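Naming follows writing order (A, B, C, D, E, F and G), and every chain is counted from residue 1.
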Amino acid sequence: MSKSITYTQAIAELETIVSEIENASIGVDELSEKVKRAAELIRFCRNKLTSTEKEVNSILKSIEDENDE
Amino acid sequence: MISDSASIGQEGKRVFSLSEITASIERMFSKYYASPYWIRAELSKLNHYPQSGHCYPDLVERQEGKIKAQLRGVIWRDELFEIARKFEEVTREPFREGISIMFLAYVKFTSEYGLSLQIIDIEPLYTLGELAREKMETISRLKKEGIFNSNRLLELPLLPKRLAVISAQTSKGYSDLMITLENNPWGYRFNTRLFHALLQGDGAVDSIRKQLGIIRDNQEQFDAVLIIRGGGDEIGMACYDNYLLARDVACFPLPVITGIGHSTNETVVEMVAGINKITPTDVAHFLIGCFRSFSDRIKAAEQMLLPGVMVVLETNAARFNTLSGSLLNLVKNTLREESDLVEQQALVVREATNVAVFNHRIALSRYESGLTMRPAQILGSHRATLLEQQKMLGLTTRYLVSNQLKEIGTVDSRVKLLDPVGVLKRGFTITRLKGRGIAPGNLPDPGDLLETESASGKFISVVSEKKSI
Amino acid sequence: MSKSITYTQAIAELETIVSEIENASIGVDELSEKVKRAAELIRFCRNKLTSTEKEVNSILKSIEDENDE
Amino acid sequence: MSKSITYTQAIAELETIVSEIENASIGVDELSEKVKRAAELIRFCRNKLTSTEKEVNSILKSIEDENDE
Amino acid sequence: MSKSITYTQAIAELETIVSEIENASIGVDELSEKVKRAAELIRFCRNKLTSTEKEVNSILKSIEDENDE
Amino acid sequence: MSKSITYTQAIAELETIVSEIENASIGVDELSEKVKRAAELIRFCRNKLTSTEKEVNSILKSIEDENDE
Amino acid sequence: MSKSITYTQAIAELETIVSEIENASIGVDELSEKVKRAAELIRFCRNKLTSTEKEVNSILKSIEDENDE
């Protein structure tokens, strides 16, 4: 997956995929492909979120810590 | 009664000689008037003959002024002396004309002197009564005429200086008067003029009245009339009870001052006179006394003048000293009060100024305290706001992230649900024709080789029959 | 002082002045004048006591003449 | 001070001034002037009294002297 | 201070100033000026009183001295 | 601060500032500035009061001293 | 962060960010960035408040100290 993809794009693509999958207009062959893609996207998003969470928590923690000083 | 010896006159008439007649009358009188009688009559004229010493008074009886009866009397020298003595002793009047008397007399007729009353004794008490009666008559008449007090009502000048003196120049009374007046130790000057008059007995009334008349005609020249008598005996005062004289005195236009010197009854003239003094010396003292009292009045005025003036001056001096004294005090008070006022104002300025400054300080400090409290509060509230924002930031951010995670999870499960792998695990298989799923356009014909994929592995099979649905 | 004043008037005026002064009804302004007048009156009255009335005597002369007639 | 003023007028004026000062109807501004005037009046009155006394005494002395003659 | 002011005017002005100060109607800016003026007026009044007293005393003294003569 | 400001103006401005601060219509950005200004004004007023008080006291003292002379 | 930003602006921006985060109008991609910005703003405001407090306190202290002098 290209690194240039954003979380938002990832989510958008994921939603498109999910929607396609759910419409049953997709063949089994594509389905597997799509699912694979979806899994990739999900993984990406999860990673993104996790990293963001870490980052944000770190920032907030630092502010809070300062606050207690 | 006529004697036989009377001769016969011519023509057969019987003619008597005068003596025959008088002798006859004499015999008759001696026969019928043998005893003396008490008779009352007025002694009209005394007819005293000093050489012989006898007296042949005219005796009358009047009725309403007219002679009713009159008869000659005779008093022999020896009887006269005794009668006069006795008369004067009782009546204090001389035996004189013009008085009523009661006498004892023989009715005598002598050939030589004719008819007469030979007076041998007298009852002076009768005369005394008569005089008293006359005096009473005079008084009541003057009173009746309303002039009794006239002279007494006249005002004597303060200084009876010009004096008409009715007196006798030779009298002791006149001399006493003049000596006393002239020898007064104060040098008072009297202007006296003597009007000579008889002052007692017969003729006194007329004499005095005549002089009064002269004085009355010159009344403006005199202050008063003095009737002065004195030095002699006190006989013959009855003239001063005479009505005419008393009337003249009472009506006299100038005050009459009497000094007719006696110690017994006051005469009518003395009663009606403006001022009556007993003796001429008394009169002189009285006159000097008038001067004295005038002089005393002058002296009194003089003596009162200086103290009076001093009182006026002292009173005024005291009054204005008081004024100038109170002026000083008032001015000092005024200045002190003003000064107090100014100093009070100065104090008030000080206090008020201090109060004003203090009040400004209070006001300022109010602002100051208003200033110190608030900024901390403001900053505190800002701090709170900021903290809230900070909290919100944390919450929302974390929520956002977790939400996304949840959503991803959902998507993940949905994807997993549709994942063929999952289906296969439940026993489903995927059949492919020529590598592609069975679908219109890619339907197998009998004989086609089908690849079946299951969870447990792939299976290759051949289509035997084709059935329509 | 008017010649026409009598000593009776004079003493009356004198006594009035004295009484006025005593009653303090005379002011300072008039005082001197009043005292002067009082002095005049005193003098006049005093003279009256010791003076002789010449004109009276001359008139008396004529009376005497009459009297002697 | 006008010569035409009398003792009585002077005393009256003096009393008026004293009364005015007493009633505080005279201000400080006028006070000096009023006191000056009062002093003049006092002097006038005093002189008047003294001169009157002298005059009166001289008159009374002259009467006494005459009396002793 | 104008010489033409009278004591009465001075007192009146002084009282006005005092009253103004008391009623706090005078601001701090004017206060000093007003107090200065009040002081001037007090001084003026005092001098006036002193001079008047001297004058008056001198006048009254002169009268008394005359009186003792 | 301009020298031409008066006590009254200073107080007015101070009042405005205090009122603004009290009504919390002042933001944090201006607060410091405003407080600084207010402090200046207070100082100004205080000095003014002190100097006025000194001046006034000196004036009043001088009057009192004169009085004691 | 630009120095020209004010406390008010900072708070406003902070509130906007918070609100955006709340409304989820901020994507995960920007979130970290935004939170970072918010933290900066918070820190800025906090410093501002602290410094202002110090400044104000110092000013007020100085006034009080002067007052006690």
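Here is the rule we use: contacts are C-beta pairs under 8 Å (C-beta built on N, C-alpha and C of every residue); 3 or more make two chains touch, one makes a residue touch a chain.
If you're wondering where the values come from, they're calculated on a predicted model, not measured in any experiment.
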Interface residue overlap between copies chain D and chain E, same or different (over half shared): different
B-C against E-F, pair bridged by the larger set of C-beta contacts: B-C
Centre distance in Å when chain A and chain B are each reduced to the mean of their C-alpha atoms: 141
Separation of mean Cα positions, chain G and chain B [Å, integer]: 111
Inter-chain centre distance, chain D versus chain G - centres from mean C-alpha coordinates, in Å: 99
Interchain centroid distance [CA atoms averaged], chain C/chain D, Å: 34
Chain D, residues touching no fewer than two other chains: 7, 28, 31, 35, 42, 45-46, 49, 52, 56, 60, 63, 67
Numbers and ranges of chain B residues touching at least 2 other chains: 302, 305, 309, 313, 316, 324, 327, 331, 335, 338, 346, 349, 353, 357, 360, 368, 371, 375, 379, 382, 390, 393, 397, 401, 404
All pairs of touching chains, each written as two labels joined by a dash: A-B, A-G, B-C, B-D, B-E, B-F, B-G, C-D, D-E, E-F, F-G
In the complex, chain B residues that touch chain F: 343, 346, 349-350, 353, 357, 360-361, 363-364, 367-368, 370-371, 374-375, 378-379, 381-382
Footprint of chain B on chain E - complex, ascending: 7, 11, 14-15, 17-18, 21-22, 24, 26, 28, 31, 35, 38-39, 42, 45-46, 49, 52-53, 56, 60, 63
Interface residues, chain F side, partner chain E - complex: 6-8, 45, 48-49, 52, 55-56, 59-60, 62-63, 66-67
For the chain C and chain D complex, residues of the former touching the latter: 27-29, 31-32, 35-36, 39, 42-43, 46
Chain G-facing residues of chain B, complex: 365, 368, 371-372, 375-376, 379, 382-383, 385-386, 389-390, 392-393, 396-397, 400-401, 403-404
